[in-house]
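In what follows, a single structure is set out as structure tokens and then discussed.
Chain naming follows the written order as A, B, C, D, E and F, and within any one chain the residues start at number 1.
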Amino acid sequence: MRPSGRSPDQLRSVSLETGVNKHAEGSCLVKFGDTHVLCTASIDTRVPPWLRGQGKGWVTAEYGMLPRATGQRTDREAAKGKQSGRTQEIQRLIGRSLRAITDLTAMGEMQVKVDCDVLQADGGTRTASITGAYVALALAFDHALKAGQIKTHPLTDSVAAISCGLYNGAAVLDLDYAEDSSAQADANFVLTGSGKVIEVQGTAEDVPFTRAELNQLLDLAEAGIARLTVVQAETLTAARTPA
Amino acid sequence: MRPSGRSPDQLRSVSLETGVNKHAEGSCLVKFGDTHVLCTASIDTRVPPWLRGQGKGWVTAEYGMLPRATGQRTDREAAKGKQSGRTQEIQRLIGRSLRAITDLTAMGEMQVKVDCDVLQADGGTRTASITGAYVALALAFDHALKAGQIKTHPLTDSVAAISCGLYNGAAVLDLDYAEDSSAQADANFVLTGSGKVIEVQGTAEDVPFTRAELNQLLDLAEAGIARLTVVQAETLTAARTPA
Amino acid sequence: MRPSGRSPDQLRSVSLETGVNKHAEGSCLVKFGDTHVLCTASIDTRVPPWLRGQGKGWVTAEYGMLPRATGQRTDREAAKGKQSGRTQEIQRLIGRSLRAITDLTAMGEMQVKVDCDVLQADGGTRTASITGAYVALALAFDHALKAGQIKTHPLTDSVAAISCGLYNGAAVLDLDYAEDSSAQADANFVLTGSGKVIEVQGTAEDVPFTRAELNQLLDLAEAGIARLTVVQAETLTAARTPA
Amino acid sequence: MRPSGRSPDQLRSVSLETGVNKHAEGSCLVKFGDTHVLCTASIDTRVPPWLRGQGKGWVTAEYGMLPRATGQRTDREAAKGKQSGRTQEIQRLIGRSLRAITDLTAMGEMQVKVDCDVLQADGGTRTASITGAYVALALAFDHALKAGQIKTHPLTDSVAAISCGLYNGAAVLDLDYAEDSSAQADANFVLTGSGKVIEVQGTAEDVPFTRAELNQLLDLAEAGIARLTVVQAETLTAARTPA
Amino acid sequence: MRPSGRSPDQLRSVSLETGVNKHAEGSCLVKFGDTHVLCTASIDTRVPPWLRGQGKGWVTAEYGMLPRATGQRTDREAAKGKQSGRTQEIQRLIGRSLRAITDLTAMGEMQVKVDCDVLQADGGTRTASITGAYVALALAFDHALKAGQIKTHPLTDSVAAISCGLYNGAAVLDLDYAEDSSAQADANFVLTGSGKVIEVQGTAEDVPFTRAELNQLLDLAEAGIARLTVVQAETLTAARTPA
Amino acid sequence: MRPSGRSPDQLRSVSLETGVNKHAEGSCLVKFGDTHVLCTASIDTRVPPWLRGQGKGWVTAEYGMLPRATGQRTDREAAKGKQSGRTQEIQRLIGRSLRAITDLTAMGEMQVKVDCDVLQADGGTRTASITGAYVALALAFDHALKAGQIKTHPLTDSVAAISCGLYNGAAVLDLDYAEDSSAQADANFVLTGSGKVIEVQGTAEDVPFTRAELNQLLDLAEAGIARLTVVQAETLTAARTPA
């Protein structure tokens, strides 16, 4: 029995709201239950120094949590003067996930910086971030296309992510904080809309798990991400439809 | 003529939404037009080291802007490894403003940390922050009172803030970004609900101004803050009324 | 009764000594009683990157306190690895005050960096800094004029600053440390030699104050700054007179 | 065909040398071909602050690369003033891997800090680090047991790690730098001696991969880690045998 | 021929002025020609953590240069966020030099922090700092003795320092900046009043030197420091004589 | 009697092993007894910004200690976010020592960065570093000569270093940790192969010493460095001989 009463293969209620920031070329407020992440995609006409002159673009991501996103207030990273290892790990993951579905050459020399800021956390902030970041990125590319900054849409697929874990001995989908903090194992899956694997990160928190259990987690993830992919597509269709 | 078409003494539309964070003891999303700030007040049962053992409490504030809160994306302070002088100036101002209406002795040995994070900026982020922070702080003290952490409500008054400036030679209330970036002078006023002065910060951006002009700005601010005080009171009344 | 025995509208003894650093293009050791600040103005032929190619100059300031400038030794900011919020607030104020009386276009592409280092502190270090910084800046422009780096003197007015406060219920001028640490309110005024306002910063330390009280403080400041303006002018005349 | 001429399921030559540091309680110089990592395990009688008084121990790891471990010299992290995101990611992974096979309660209140410093890099530094760190940790626990600091050996299993990847379309084991830098996908596996999964990290560098491919990589890893486990056991047996 | 016209064994004019800071327990403004250093000695009733409970005291030093102490303005270390290697080297040297003539046990558990801040630099700032720091330290111990914080004066000797160098092939005493910047070799000597060696630091800037040359430099230093020792003693006698 | 049983003028066993890093242009693992330092010399085709366009080269050094190089583990400087004053002092010394025997003009515009990383420490890490760094540097220049990057070998002499000290009242050569930690005085000498002085650093740890004692230490150093010079020459001859 899960604390939330969900069935093992049940996602939390998912919502993707676009157009939530008047400045950003693309934006999306993603909610996985009580986990809320504000994603903005910003177009920068300069690429990083190491990429200049190669005719290719770049997509990168930054991640942060508001201090009181969490149950106990956490210290502000800007005040501490550095980003934690966890923050850096997550923002590197988001960036890799987005680049894996982007044709960087089709972008030409421009950069998109995606910021994922957690307004409220209840587990799964990195998977919600990736899922919302894709929507913000797609809208930013729409914007660049309309503005003539790019000739073709550089996205080659969609991407979404979900966590799974072993909780009370059973494989469950989309861990919330109550489950996450006492799961025996925790895995994050980043898959494309076409079902291919971009990233798998499975970690035994306490007791090592078996290959069979890893497969159960992946089964759940494939089903969950298929549903997220539908929501992403519907969201983008709605956002692209003139009112 | 103001870019927004407002009259010189007209505030932008103001909204204060409470209960926007499920973890925080008090929270308020404040909107001054397109300037949106998420304020959370977090109770910490420990006071800062230099105050221990004195039987008094403390109220402090931190301020931040999401990278794409602004028209051009600004670098993330956590990534740069330090808070700018501007950020520190603003958070010190918010903290002083809140302490000026708080009876620290009535708090006993506890601390409230108020976080003001700008989700979207269009001028006046520090004044919106103070106005929303007061509401979040009041609700956090309500929470502490119910929980028996304090015996009496420590707030001695309310506090709100507004900016005024000389724009195209005329004194105007509540500058938005378009005005702020080309104003000759800019002043921020922090007043109590009872009309007293907590803080005045007037700055000639370009050409020094006269004492008469300073008085015009203060006249506008007094009227504007009186209206903000009403909205704050209505918001708190609604939040305190059982549904 | 003031701790120093001064009347409410009495400045501390003021002294401005020029030529105190053999390297700097302009220098001034300013003393407001026991508050001593060494101000040097350094000409840099390069402007900041964001101003290049615009044909304009820049004036900026940095502020510091020697560790034992204060009654209790304070930790050295260079050793702590960062400047405090207070330091940044003060140096931003000094820079703004100097730029408000400088015709940046008349400077052409050059920069003046003014360093204000407090050798001994007894209250009012920021106002003494501004008052001395003006003298150092004026001398540095004299130097640039003689050296043919600029064609006209870019200063459009003079600038000086003084603090006022409510101490034991009365408005008093030029707070020393004994007064500053127990004043109910504290305001810093930066005015031009011609009596216009560059900056007003009034803060209720404890109890909010009235508009009438703010006006009393401003009355005192106007009179005090008129006297500082005379001392500045006399000092510059003496410094410019060949021995 | 692999650049090194190895068959797809062939490890590089593996060597584990113990007793390479006269101060450390446990030490191991691990070589996976031209990748050389010096691992030392240091016993600290104090646990981290957040664990004090709980009667449990802690195992943590730090990772570094000498500047010229790499083909092009990389800047020294100590000189840059911060550890990269990559470094933090790796050292967190090593720590988690070691804790997954350690009975922290059996340790009592003590800490082991394992340092993995790459003397020479040729791909696979994180997997070599984990493989050598286990040996250093085991020897440090031997030392603590002899010294009477612990009553029972806290290791519940062994741990080793290996990378696999898709190179020129084929699944291959133990990527060296030449392969790593042009692989389509790259996965690191951390398994116990008994074959259970501690951590799986699979990343599509360029093109997303299929679930079938992920399974091929895991097959290779299971076989490779089985061989590493034998070498670890032989190394420890030799080290524990009196000369 | 020296740029200043001094003979090879001639010191610059030396002045030691005490009582230059109203807060510090001991203070001395030392001038070696145009090199001016403000030295303050601050008593702290706490010793560093690693020395607590051992009944011994500690003497430490910090060194800094005002940005325009030098011919070209140097960036402020507090603004850069770290102290240079040179700064750290010098402040470590000052601290060691002072501790070598202090009976730390006679101090009991207290600490003296000596700050040496260069107001104007013209070569030899470290040697002037040590020479002035001794006077400030001696006066701080006088203060502690009068206040009953210590029972006996903990200084066992005096200490002074001077630089020597090979300039245009000749050994010369007390290098100024013009000499220092083109000397072939440069040596700093820290000797006690009784003529013993506390520290010798000789460096070939360009061409290695001979042992005979090192001896010439030491001859000069012994004579120079004997004279500094007399000035120190006279200064302290005057400072200790009631007016 | 020395703890190691060595005679006062006896070096520890010295070994210099070349070719220990497959990437570096020059490398040397130097051992002074149980002190082991890995030295690599890396050629960089760019000189530092302040040297560009002058047709000259630069040699610089960095120094580090692995955390468990020492008897007690020391915190990793990369994790603390800054290099200690001691580290900076040592790496500046190594760089100066190498430049004193290098004809920077003969290098042309290129830079060599020498990294000295202490794998195991037992006293004398800075002198071992200099002695090994010379060998690595010489081999890097050999490499550049063969590659046609330079026309002539820029080394004008060899350099080696050794420590001496007063231990139990007697002058002894090449202090190990047991001696170093209880020596009354400690001196490091950096001499050329031809016997000239590059650097002398003598420090009284506790009791000041006499000029006669300084001379005794220098006598020992001259003899010790003569022997190190022979070992360096033999090592380079062997390394340069085709197998």
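Note that in this section a contact is a pair of C-beta atoms (placed from the backbone, for glycine too) under 8 Å apart; a residue touches a chain by one contact, two chains touch by 3 or more.
Just so we're clear, the structure is a prediction, and the values are computed from it rather than from any experiment.
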item	value
Those chains which touch chain F and also touch chain C	E
Least step count from chain A to chain E, where 1 means the two chains touch	3
Shortest walk length in steps over touching chains, chain B through to chain E	2
A-D, E-F or D-F - pair sharing over half of the A-B contact pairs	D-F
Rounded Å distance, chain A centre to chain C centre (Cα mean)	51
Whole-Å separation of chain centres (CA-atom averages), chain C against chain D	59
Residues of chain C engaged with two or more neighbouring chains	81-82
Graph class of chain-chain contacts, one of line, ring, star, complete, other	ring
Successive chains along the ring, chain D then chain F then the rest	D, F, E, C, B, A
Residues of chain E defined as touching chain C within the complex	21-24, 27, 34, 38, 40, 42, 44, 62, 64, 66-71, 73, 76-79, 81-83, 87, 113, 115, 117, 119-120, 122
Contact footprint of chain D on chain A as seen in their complex	82, 85-86, 88-89, 91-92, 96, 100-101, 157, 187, 191-192, 194, 196-204, 206-211, 213-214, 218, 222
